[in-house]
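Both complexes shown next keep subunit A, but they swap its partner, so subunit B is in the first and subunit C is in the second.
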Partner chain A sequence: MDNTQISILILDDEPIVTKRLKPSLQKKGYLVETFTKSIDAINRFKEKPFDIVITDLKMEGMDGMEFLTQVKEMRPETEVIVITGFATMDTAKESFQKGVLDFLAKPFKLSEIHEAVAKAEKKILDQKE
Partner chain B sequence: MRILVAVDKNPYSSYVVHEVGKLAINTWSDITLLGIMDPKEAPNRNIENSDLAKTLLDYREIITFYYPKGECPYSIEEISSFLKLDENRFIGMGKGGLKTLKIIIRKGSNIVNEILKQANEDEATLIILGCNKTNGCKWGDLDVPARIGNQAPCSVLIVKENKSPKQIVCCLDHDYISQNSLELINQIVTLYKAELKIVGVAEGGSLKVKFENTMKNLFMYYLKQDIPMWLEVIDSSIFPTFVNQISQENLIAIWLGKKSFLRKFLPNEKIINLINTAPSSVLLLR
Partner chain C sequence: MLRKWSNMKQLFKKILSKLKKRKRVSFTELFDHFQQLIKENNTSMEIISNIGEKLSGEYIFDKHFIDTQTNALFGSVYRMIYHLESMAPGKYTDLFYHYKKIRSEIEEELKGNIIIPKGKYVIPYSKIKDELEDAVGGKNTHLGVARNILSVNIPEGFAITTKGFSKIVKESKIGQSISHILSMWQQNKISSEDASKKIREIILAYKLPRDLCSEVINHINKIKRKTKGNDLFFAVRSSCIGEDSEHSFAGIYKSFLGVPAKEVLNRYKEVIISTYSERALEYRKNRDIMESEIAMAVGCQKMIRAQVSGVIYTLDPFNIQDDKIVIAATFGLGEELVGGSVEADRYYIARTPPHDIIGMDIVNKPYMKKFDFNTMSIIKGDVPEKKRDKPCLSLSQIRELVRIGIMLEKYFKHPQDIEFTYDEQDNLVLLQTRRLQIEKKRIQMKCDLSDLNSFKKLLAGQGEIVREGVAIGKVYKVTSSEDLDNVPEECILVTTSSSPMLAKVIKKVNGIITDIGSPIGHLATIAREFRVPMIINTKNATKILKNGQKITLNATDNVVYEGYIKELCYYEFAEEKFEEIKEYRLLKRIYKRISPLNLVDPTGDNFRIENCKTFHDIIRFIHEKAVQELIDQNYYTDPAVSNSSIKLKLNIPLDLKIIDTTRKTTDSSSELDIHHISSLPLKYFLNGVCSENVWSTDPIGVDFKSFMSSMNKTFAFEMADPRFVGQNLAVISNGYANISLRLGYHFTMIDTLACDNPHDNYIYFRFFGGVTEDTKRSRRAKLISNILIEQDFLTEIKGDLVVARLKGLPKEEILEKIYVLGILVGFTRQLDVKMVDEHQVTLYSKKFHEILLQQNLKQTQINL
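Right after this comes the complex of A and B.
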C-alpha cells in the first residue's frame, strides 16, 4: 500500500450519497471509508486519523456539526468538507468558524467534490513539505 | 451546488438576482451570471463598457450585498476589465473568495442555445432565469424561459415574482425521482420556510403498487428529515387543470426526466404553455 495515499472518511446518513461518492473518490486514488451513523464514524476516527472528512450536517444522534467539532478537536490538521441538503446561512458560517475547508450544498456534481478534495489534498501536502 | 443565472437588462432579471442572493446566502453556491449579447450589437473591444456588462456588474454587487461585511464567500474585488476567453466568450471575475461568482458574456444570436451551452460548460446543477408574468414569459418575442425549461439537462427555476411562496407543490414522477431533485426541493423548502405538498397522479382512478410505494418512501424520507409535508393524489384526467390552479399561488415543481410519466399529461407544448401562463414561479426538476 502506498503510504502517501490520502485517506478520506465520508459520513452521510443517506447510503445513496456514500455509495455515489466512494467509488468516484477511490478511482481518483484515495483510500475511502464510508459511514451512515455518526457514532460509528467517530469511533473509527478515534482508531484511525483520516486526512480528509466529508460530512453531512443533519443526522440523527450526533449531528454533523458536533461530529466535525470533535474531529477538529482530536486532529486539527484533518481537512473537513461539509455537504448538506438543508443549507442555511448559520450552518455555513458556523462550519467555517469551526475551520472547515469547504461547504457544499446538495445537490452537487461529483466534479465539485473532486475539486474540494483536491484543494484539501493540496493543503495537506503543502503543510507536510 | 452550481447555479447558472441567465439574465438580461429587463427588470424581471433584477428580481431573479435577488432570489439568487437569498439562495446563495444559504447555500454558498458557485454562481455564473450569464448575459447574451447579439453579435451585431457587440463592441469589438472593451466589452466591459457595454450596457450588458454594466448590468451584470450591478447584479454581481446585489448578490454580494446580501452578506454582512466581511462574511461574503465571493470575491468583492472590483472588476475593471473582462478577459476574452475566445471570439464569443468573455469572463469577469474577481480574485480570491471561497466560492466562485463569475460573469460570463456570450456573443450569440440564439439565446437558448447559448444558455444551454453555458449550462453544459459549467456542469450547472440549476439554471435560474426570470420573466415578466404579464407578457407571457417572453424575452422580447422569444419564450426563452419555457424553452430552457424544456431542454435543459438540469433543473430549472423560472422566477416570475419577488415574493416568497407559502407552499411548494411538487408533482411526482412515479418512475424515477432523482436524488438531485429531492435535494433541490429540500434547499428550496429550507430557503422559503414553505410547506411542502407532494402530488401523485393516478390513472383511471387507481393507484399502482409501485406508485404507492414511491409515495410511502417519500413520506418516510421527509418524516426523517423533519419536514412537514402533505400528500395528495389526483386523477390524471384533471392533472392539467390542477396544475393551472396550483400555479396561481404556489411555487409549482414538476419532476421532468427524459421519460417522465408526467410527460403523458404534460407534453412539450403544455409545459411551454404552463411556464408561459403560470402566475407564480415554476421549478422543473431533473
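Right after this comes the complex of A and C.
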C-alpha cells in the first residue's frame, strides 16, 4: 500500500449501508473503515484522521450533525459526505453551512456515492499540490 | 317450472332493491373521484416500481426506506378503494377486506415475522424460493431455488420451518429452562458438555406441538401417495439459518439417512437437539455468533436409490490458478466419498466454455456404499468386477453435471460445492448445493485488479443497470425470433430492445445488454429473478459489439470490457452477496406481496375481488372498474350526463365520443378537432388510425356462413353486456387515455399512460371478437399477436382474445407504440373476413410491415 491511499470512515447505524459501501469503495482502491455507533466512530477519528467521512444524520446517541461538526472542528480538511433517509431543505442547508461537501438522499445509487467520493478525492489532492 | 320462476322473481326484486338503495352519485362528483383515483393509481404504481428498482442491487437503501415506502403504498391503495367506493357506493366494499389482509401480512413481515404460505410449520420444496431463507434455512432454500427457478431435479420433500424451532425452544414452557441453561453457560458457570446434556434431556422429554406433527404427517402422506406403496425412507437434514453461507458449520449439526416415515418426527427432534451439541455451542462461541441468532429448520427428503454419486467443486479450491472444475464420483452412495473411505474417480474440466475435459483419474473401485432397506443401515457392497476399472460417469453425464454446476454458480454468484446422485433410472438428482469454502487469501491472490485499466473499455457508464453482477462470454446478437432458437449456452445476449421474447432463453445466457429497454418491463423482472447481469439503454451496444466477440460485462460498475477478465469474476466471489443481506430479503418478500399481477385479463373469469392476492391486483381491479363505472354511468343510467361528452371530427367514419376528465363541463354542441385533443396518447392513436392507406373502405364480401355466425354473435353479445352495443368512447386526461372501440363486431380496448416519468408509463391492449366464424377470427388474433410481439409487447393469445402489455418506456417510445396500435386497429379492422387460410397470417404480417415503413413516424411527430 502506498501512502497516498485515501482513507474513508463510514458511519451509519444501519449495517446494510456500511456492509454494502465498504467493499464497493475498497474495490476502487480506498482504505475503508466502518462504524454503526457514532461514539466508536468519533473515538476512532481521534486516534486516526481520515481524509473522507461519510455519515448518516439521524442516529441514536450522538446524531450525525454533531458528529460531523466535531470532525470538521478537529480536522477541517477532512471532506464530509452526508447520506440520509430524512432529507429536508433545512438539514441540507445546515450541513452545507458546516462545510459538508455533498449531500445524498437515501436510497442512492452506488455510482452516485462513487462520484461524490471522487469529487472529494480530487479536492483533497488539489489542496495537497 | 313455476317455482323456478318465482325464485327468479325474488332474485330480481332483491337486485332491484339493492340498486335502489345505492346512493346516487352526481356526475361531477363521479368525475372528481375518478380523477383522484387515477392520481392515486399513478402514485401507487410509482411506489411499486420504485421498490422494484431497488432490487437491482445498484442502490443503497435501508430499513427506513422500506418502512416509508410501504406506508406510503398503504395510504395510496386505501385512498383508491375509497374513491371507487365513492363512485359506486356499496358495490366494491369487499376490497377493504382484501386490502386489510394483504396489509397485515406486510406489517407482520416488517415486524420480522415471516409469513409461511398455507400452514404454520411446513413448506414443500415446490414452494421454496430464496426470499424464504429465514424460514427454511440455507440448505433447503438452495434446493428450492434449484428446483423452482433453475428447473433442476431434486428429491421430493419438504422443510420444517424455523417456526417449529422457535415454538419448541423459545415459546414453549421448556423455552425458559433452555435460555436459563444457556445464560449459565455463557457466564461460564457450567461447561459446554453439561449445558448440552441438560438441554438434550429437556427437549427429549418434551412432546412436540400437535399441529406441527399433523402438518408433517400430512406432507409425508402426500409423498406416500405418489410413491404408490414402494418403500419410503427419508433423509432428515439440518438446515440452519446462516449455515452454508459465511460460516460453513460443516458436519456440526446432525443429519440422518434412511429414516422410515414413522421415525421422521423423532429424527426431527434429534436435529433440533444437535443445535445444542457440545461442538455446536463451542463453534458458535468461538465465532461470536449470538445464541439469539440461531434458528434451525430441517429438510425431509425422499431417499434416492443411488447408482452413482459424487460431488462437484465448480472451482478447484486447491489450485485456483488452474481455473478448473473438479468432479469426484463413485458407485452407490456418495456419503463417505468426501471422507476418502471409498475410492472415487476424478474428472477435471475447464471452467471456460466449451468446457474441455482436461483430465480424468479413473481408479479401481472394488467397493461401494449402499443403503440396505432391510437393515436400514449403510453397508459396504461389492462392485461387479467388470465395472470396477471403468469410469463411473459417462461423457454425457459429465456434460450435464458441468452445465448444472455452472448454472448454480452463476445464480449463487459463488463457486459451489455440490452433492449429486444418479437414480435407478439414470436421472440426475441434486442433493445439496452450497457455497464452496475457499480461503479468502487464495481468492485475493487471484484478484489483482491493477491490470484492469489495460483492458479496452467497449462501453462505459452508458447504460442503465437492471441487475448487478459480472459475466464473461461471447457476444450473441439477436435480431429475429429464429436467432432466439439458436442461442448458445453461456453467451452474452446483445439486442436492440428488451423484448419479453428473450425471457425464454434467460437460463442459457450469462448476461444481457440492450440498446433500449425498460428497467421495469417483463425481461427486467425475469433477469432479476434469475440473477442474470443486465444493462439496458446503452444506445449503441448492437453497433459496437461484434458477434462472437469475447467480452466481460461488469454490470456492477456499468462497463463492458474487451476480452475475458476472470479476475473480476473472482473478485465478485470474494464479496458479500447483496442478495443475502437481511433487508434485501425483506424488501423482496414485501415486493412479492405487492407487485405480481394475477388479474391480467379483465374479461377473464378470475377478474374478481376475491382473487386479489397483491396490491397490484387491487390497483388493477380498481382502475378497470373505475373506468367501467364512468362509462356505464355516463351512458346507461344517467341520461342527464350523456351530453357531457364531445364528438370528434375525423376524416374517417369512426364515431368516437370523448370524455375529457380534465374539463369540468363540456360543450357538447360542437365537434372537436383532432389537433385540440388534450391527451397525447389519443392523438397519436388517432393519427395512426387515420394515416393513409390504413383505413380500408373497400366493401368486404361476407360469405353466408360468416354472416349467419355474425348474426348469432351480435345477439349473444348484446344480451350479455350492454356496453358492447354502445358508443366508441375515449376517457382521457393529459397523458392518459382509455379507448374502447367496437368496429365490425370486434372489441378493442386500450388503456395507456404516457407521462414524463418512464416508470409510470404503460400500454394495455385488448382485442377480441369479429364477424366471422372461430377459425378466421383466431387467425386475425394470431396476426395481431404476431405484430404485437414484434413490437415488444408481452402478448397472450387465447382463441380470438389478444391481451398485450408494455410498460416502463419513455413517453416518446410509448407514443410511438400507440401510433403503431392505431395503424394496427385500422388495418386489421375487417381482416378476419379475409383470413381464409393460415398463409394469410404471414401475408398480412408482411403487408403491415410495408405500411409501417411507408408511414414516416417522424413526420407524424412534426404534424403534432
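Of note:
Everything that follows uses one rule, which is that the second predicted complex is superposed on the first by the 129 of 129 C-alpha atoms of A that agree within 3 Å, B and C clash if a C-alpha of one lies under 4 Å from a C-alpha of the other, contacts with A are read in each partner's own complex, and residues count from 1 in each chain.
FYI, contacts are C-beta pairs under 8 Å (C-beta built on N, C-alpha and C of every residue); 3 or more make two chains touch, one makes a residue touch a chain.
These figures come from a predicted structure and were not determined experimentally.
In the superposition on chain A, contact of A:K122 is made with neither subunit B nor subunit C.
By the touch criterion defined above, A:A92 lies against subunit B but remains apart from subunit C after alignment on the C-alpha atoms of chain A. After overlaying the two complexes on the shared chain, residue contacts for A:A105 are found with subunit B alone; subunit C is out of touch. Using the contact criterion defined above for the overlaid structures, shared-chain residue A:V17 touches subunit B and also reaches subunit C.
In the superposition on chain A, A:I113 makes contact with subunit C only, while subunit B stays out of contact range.
In the superposition on chain A, A:K27 makes contact with subunit C only, while subunit B stays out of contact range. Residue contacts after overlaying the shared chain place A:K46 against neither subunit B nor subunit C.
Which of subunit B and subunit C touches more residues of subunit A is settled by the count: it is B. Shared contact residues of subunit A with subunit B and subunit C: 14, 16-17, 20, 85-86, 106-109, 111.
Residue ranges of subunit B in contact with subunit A, taken from their complex: 1-2, 25-30, 71, 73, 98, 123, 125, 179-181, 183-184, 186-187, 190, 224-225. Across the complex, subunit C is touched by residues 12, 14, 16-17, 19-21, 23, 27, 83, 85-86, 106-111, 113 of subunit A. Subunit A meets subunit B in the complex at residues 14, 16-17, 20, 58, 60, 85-89, 92-93, 96, 102-109, 111-112. By the touch rule above, subunit C contacts subunit A in their complex via residues 54, 58-65, 68, 449, 461, 556-558, 571, 575-576, 578, 581-584.
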